[in-house]
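Note that chain A is present in both complexes that follow, paired respectively with chain B and with chain C.
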Partner chain A sequence: MMRELHVSLNQTQKVRLQAAFQHLSDIGSQASSGLLVSVSDTIPVNNEDGILKGHGTSERDGQVVATVCGVVERVNKLVYVRALRARYKPEVGDIIVGRVIEIAPKRWKLEINFSQDAVLMLQSMNLPDGIQRRRTAVDELNMRTIFEENDVICAEVRGFQHDGSLHLQARSQKYGKLERGQLLRVPAYLVKRRKQHFHDLEQYGVDLILGCNGFIWVGEHVVPADNEMVEDQESTLKDKEQSYTPLEIRQNICRIANSVRLISALGFAISVDAIIDTAEASKSSNVDIKDMLGAEFYVQTAEREVQKRISLLKKKRG
Partner chain B sequence: MVGLSAGERQFIYGGIAQDLRSDGRQRLQFRPISVQTGVIPQANGSARATLGATDVIASIKAELGKPAPLRPDKGKVSIFIDCSPTAAPVFEVGAGIDLSSLIVVEGKVCWDLYIDGLVISSDGNLLDALAAAIKAALSNTGIPKVSVSVGASGEDQPEVDVSDEEFMQFDTSGVPVVVTLTKVGRHYIVDATLEEESQMSSAVSVSVNRHGRVCGLIKRGGTGLDPSVVLDMVSVAKHASETLIAVLDSEIASAEAIDDDDAI
Partner chain C sequence: MDLLSDDEKKLPQVSNILPLLKRGIGVHHSGLLPILKEVIEILFQEGLIKCLFATETFSIGLNMPAKTVVFTNVRKFDGDKFRWLSSGEYIQMSGRAGRRGIDQRGICILMVDEKMEPSTAKMMLKGSADFLNSAFHLSYNMLLNQLRCEDGDPEKLLRHSFYQFQADRALPDLEKQVKELTRERDSIVIEEEDSLKDYFNLLQQYRSLKKDVHDIVFAPKYCLPYLQPGRLVSLLYASNDKRPSFFTHEPVTWGIIVNFQKINNLNEAADKRPEDSQYTVDVLTRCMVAKESETKKSIKIVHLKEQGEPLVVSVPLSQIVSLSVVRLYIPKDLVPLEARENMLKVLSEVYSRFLKDGIPLLDPEEDMKVQSNSYRKAVRRIEALDRLFEKHEIRNSPLIQQNLQVFHDKLELSAKIKLVKKSMRSSTALAFKDELKARKRVLRRLGYINSEDVVMVKGQVACEISSADELILTELMFSGSFKDISIEEMVALLSCFVWQEKLQDAPKPREELELLFSQLQETARRVANVQLDCKVQMDIDSFVNSFRSDVMEAVYAWAKGSKFFEIMELSSVFEGSLIRAIRRLEEILQQLTFAAKAIGETELEEKFQEAVKKIKRDIVFAASLYL
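For the complex of A and B:
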């Protein structure tokens, strides 16, 4: 489902991009000391006794070999390979964005780019009326009024149940249905876990949610609704349908979305700073929103990243 | 099939109404198109076209065959599109190729062109991308020169000698491009993405040649269209095709230049 962006570069742009990537890999090799392996590479363990073989490793002819491409990690006796470009691997507390694909008894099933569908139980989310009580059969029948199929939802990873299924929870006002915006999909490894995944970009009037699973929501800013407002939700929803997102905010949404698309196409880590930086750079150099995905700005962004990392390196040393 | 929530649908409709689509394009703007030629060495000609994230390959294979009895002075062209997981679009481009140029010996031997399209990844607007790829592949195609041994006459099949070195190029100036106009809400857009296509009420694909003449027209989608809207769409498609042809020509030219460099 992940669709790659293709950029056609002319000869000079190709040379510039290659130079930029060369710089980046030079800088990168200084910074990280991790051992990169590909499938069937031997992992040197110096004939230590009692080595524990973790994920992505296997034993062959008395040697530890990698079964995935990635970085070798060691924790005491445990050796494992952290795969690059793998599917999302949930951890408890992760903030994720997902899409409802099925409504089952007392639960919603969500697609979150994990190897299985995540489960959001009716009891692990706040009811629209905000009252804490037991869920009744009526609530169960009215589940579709909360979320229906294809809705985009933001939630938190609660943990794995005993049967191995992944459970989510949405016990706060900040979680819930996302509307009036667009969902972007990027490789999950580009989104790093941080303290903050919800970003209210006030200068743009845009909400940005960087889901740990690589689903990124860019939408119009919504004020967290109070519980009392819920009663006339039906009528406000209808009003909403009459009014489209204002053009200025839509331009900001598209600009931010294209920043995300561009950064993920280049394979750089996606952080809110990088996104705003790219959006501002495109604005200051008068690049049209649609031209942000063109070849020239693609190369420029790569070159700017090189400059940024060089100055960062200088700061560290100086 | 893409599933979109009500909120996202609303966002797409709004964007099209306000002339600012989700990726920042206006209604009548294409995504950047790029063409690579000569991607399949075994074929007589091939090209790969990418339109945003839509990625297709077209290959041309020429074989000697027998002309159809009803049209002894014409060669044959057949098109197969293979798009494994997605719905198959059906279309015909035959009009653009001068079939008479495919004849070797009238009534006896002709070239059969097999045009194969392969959809690698689909992000909407397959028809336009396939047409662009086929156009590029045709311009990349070299048909071997054939010398017919003299003395072959009457009912016998003439003996032919296919040259390995000399090739003749196709004249692809007559091959049309396809512009698909997708109607979403009250407006229509060109080069719809998969998300936008999922919201279409109807789509009109118009194939237009270099002279701005309409070569073919298909309407998809169940919703009815007012005849005046169709006429309107055709003239918009004609207008959009001019820029598309210009972009495609320069892309093909630069791809051929790179291809030649690689060959040397």
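For the complex of A and C:
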């Protein structure tokens, strides 16, 4: 269960961390009853008729074998393997954060941690003037005023086209360019699909976007702009340049970002609750932002997670 | 027309219509082959068809004006009965008369071959267009697609729907209605209201008790042995005005039993016990016959002493009040009028002979051997109530009848107010809110979404299916039903989802297909039960029966590669309907292909693709002439 760590631990810390992980794996083995398989393992299907072989499975010599390492899942007669550590696989409706890498005719290409670049068409996003209309050649020429290369943007997965390319859409005020914050990359499997991926952490004045593709955005809170854009756009632009993010908020952003880094380094699932929890803990125990990634707090976080899971387990058993 | 193969040119529909078209006569209805329909439409627009016989389909959507529109009838069959045309339909159809730029005026001819009330005629010809009402309804597919988007909040969608808008707009009207009704109710003032109320309640109680007793005594197992021909029975007869009467004793007359029979209800299963079924009794009595029109007669039972014809009528058991001990001899032949008249004379004689203390009745307990505790209890309570009535002060008031009537009206008004208020409440709340909740519950129960409303694997499959019942198809897919059957069988099974018409004499599909169909019905029943458990309002049987196996055989043959005229021989449906069904089938197959892709089942995906290839050929998918 040990993950690649970049922290140097002293002897006692090492022992404590090992004990914590031991606990976790104990609890984990109690809780999950799923069958773990690795590549080419046979999946027992007791010869029922009409077994459906889903993702991560294949048929060989009349037997169902796994093609990835993971947990066997069954839904009625469908058998599939949920990979433990896999690349991000988009599904329709996922919220993703990505970086623009290329501007092509009528489209932006985004790097989103998938096996191919995603496509955001000019027509599948709202224009800055908020008017619904056909996109003209002028709009196409002005594409760089909306997003430039290396901009970080947030969008939703619209679906796969017939040619297999992945299309995104950003038809909402909350999608679009992300500024004044940090982009973090974590393994995509740590981010679980939820009802909510946009979070406004009011006590910190920070926006948190947990992209399903493992890109996480921590940035200054922005008030969603009104649909009718103000006419004197230039003056607002100037205002923006002049205004700056206050130091306190910058610190908060860093604190949250470090919490995310810490949780992902420990290999725990990333959720808002976990992030806030960690950030609060660091604040209450007076850990400096820069020390959050240090050895001591690292071990403490692991131990806190153990406590949390134990109490959860107790609650479940009543 | 050269698009069609030689075989298809020989289809009866094609070869029959050609000579007609050559003479400038056309036919247009929804059962035509699409290509024929288009040919006729184009010919009509070119002015090459001088006379077109068309159904209502022609009046909607297409821009096909004519000089003259002729209605051959003013009634139309709408599925269960012939009704007058609605004004909206009339506007649509008559509006086709007159071509812009060609005709001075359009001519519309109505062929009326029966009597038409002026008011209905006025409604039809001068009425306004049909109201635009929202037919919006929730579907699981919509719900799932909303749920898997980040900001997709189904409630928000509902709140902005036209349906909600209409409900909101109806609110002030309802309020006004409540106000008016309340005013009306309050304007009714009755003296001594309390004691009247008391009396009224007593009366109600008395009635319900009487009814209980009646139900017990006239349960078929007790009374059937006594329904012999010739027995005198007293009958209820409706008084002239329709308002409920408030006498403690209702008007009765006497009649002679001729026969009794069971009502054969077609819907009822045969295994019901005889006691449960309904009976009618044929009774000879005096009736008033009123002629309403040439074909219809209304028969009303009147009192013996009044004018009327002696007739044998069937009455339900509930209309018989009591049975007497007296039995009369009935002549074998009651057809001649005199025989019946004589019988009634005898009857009135009996009646006048016993006038003093009434015709002796069968005693339920002693004669009819009714043994039941509830009967005895009810009888005792009736006696008690009788005494109460006698004591009641208001009984002797001269205005008692009118007062009771007014009181009754008042109560009815109150009930109405309650009803309107209830509908007001439901429209102030979000329309569909309860249904939304119930449907989410169904999805959770079936494992389409989890407790946090995140769409699961099954939900992803259902998301892809939008043109047929998504739940059942998904369930079938996940139970592996499509896996082991051949492509042709699969196509035939799917045809049940697209075919809705009911055929009377549809041949049963062969055994393998029948087996698949019963599998489908089983799944449908299961899903329907879950939905019912989750309080989604539905009728299980009609839901299960909405899947029709009628065209399975034809579609099976089509997927096997049969010619179109061959499959037409297999079923007695219109060509056009079958083609529509197969086209929809192709759509579903495409969606299922995507669904199979979503769960990563490549074999199934290929199978669906293969099926699409097999059915997408020839006349069914002939390109439209408009393109």
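Observations
Note that the second predicted complex is superposed on the first by the 283 of 318 C-alpha atoms of A that agree within 3 Å, B and C clash if a C-alpha of one lies under 4 Å from a C-alpha of the other, contacts with A are read in each partner's own complex, and residues count from 1 in each chain.
In this text, a residue touches a chain if its C-beta (ideal position, glycine included) is under 8 Å from a C-beta of that chain, and two chains touch if they have at least 3 such contacts.
Predicted, not measured: the structure shown is a model, and the values here were computed from it.
In the superposed pair of complexes, A:D288 makes contact with chain B only, with no contact to chain C.
Looking at the shared chain after the overlay, A:Q161 reaches neither chain B nor chain C. Of the two partner chains placed around the shared chain by superposition, neither chain B nor chain C is touched by A:Q123. Judged by the number of chain A residues each one touches, B leads among chain B and chain C. Touch criterion not met for A:Q22: it reaches neither chain B nor chain C. In the superposition on chain A, contact of A:G181 is made with chain B only, not with chain C. Within the superposed three-chain model, A:Y244 lies in touch with chain B and out of touch with chain C [touch as defined at top]. Comparing the two interfaces of chain A, the one with chain B and the one with chain C have no residue in common.
Across the complex, chain C meets chain A through its residues 148-152, 447, 452-458, 460, 463, 475, 477-484, 599-601, 603-604.
Partner chain A is touched in their complex by these residues of chain B: 3-8, 10-11, 13-15, 17-18, 20-26, 29, 31-35, 50, 52-53, 55, 121, 123, 251, 254. By the touch criterion given at the top, residues 48-57, 73, 75-78, 80, 91-93, 95, 156, 172, 174, 193-198 of chain A touch chain C in their complex.
Residues 3-8, 10, 99, 101, 148-152, 177-183, 219, 240-241, 244-245, 247, 250-251, 254-255, 257-258, 261, 288-290, 292-295 of chain A touch chain B in their complex.
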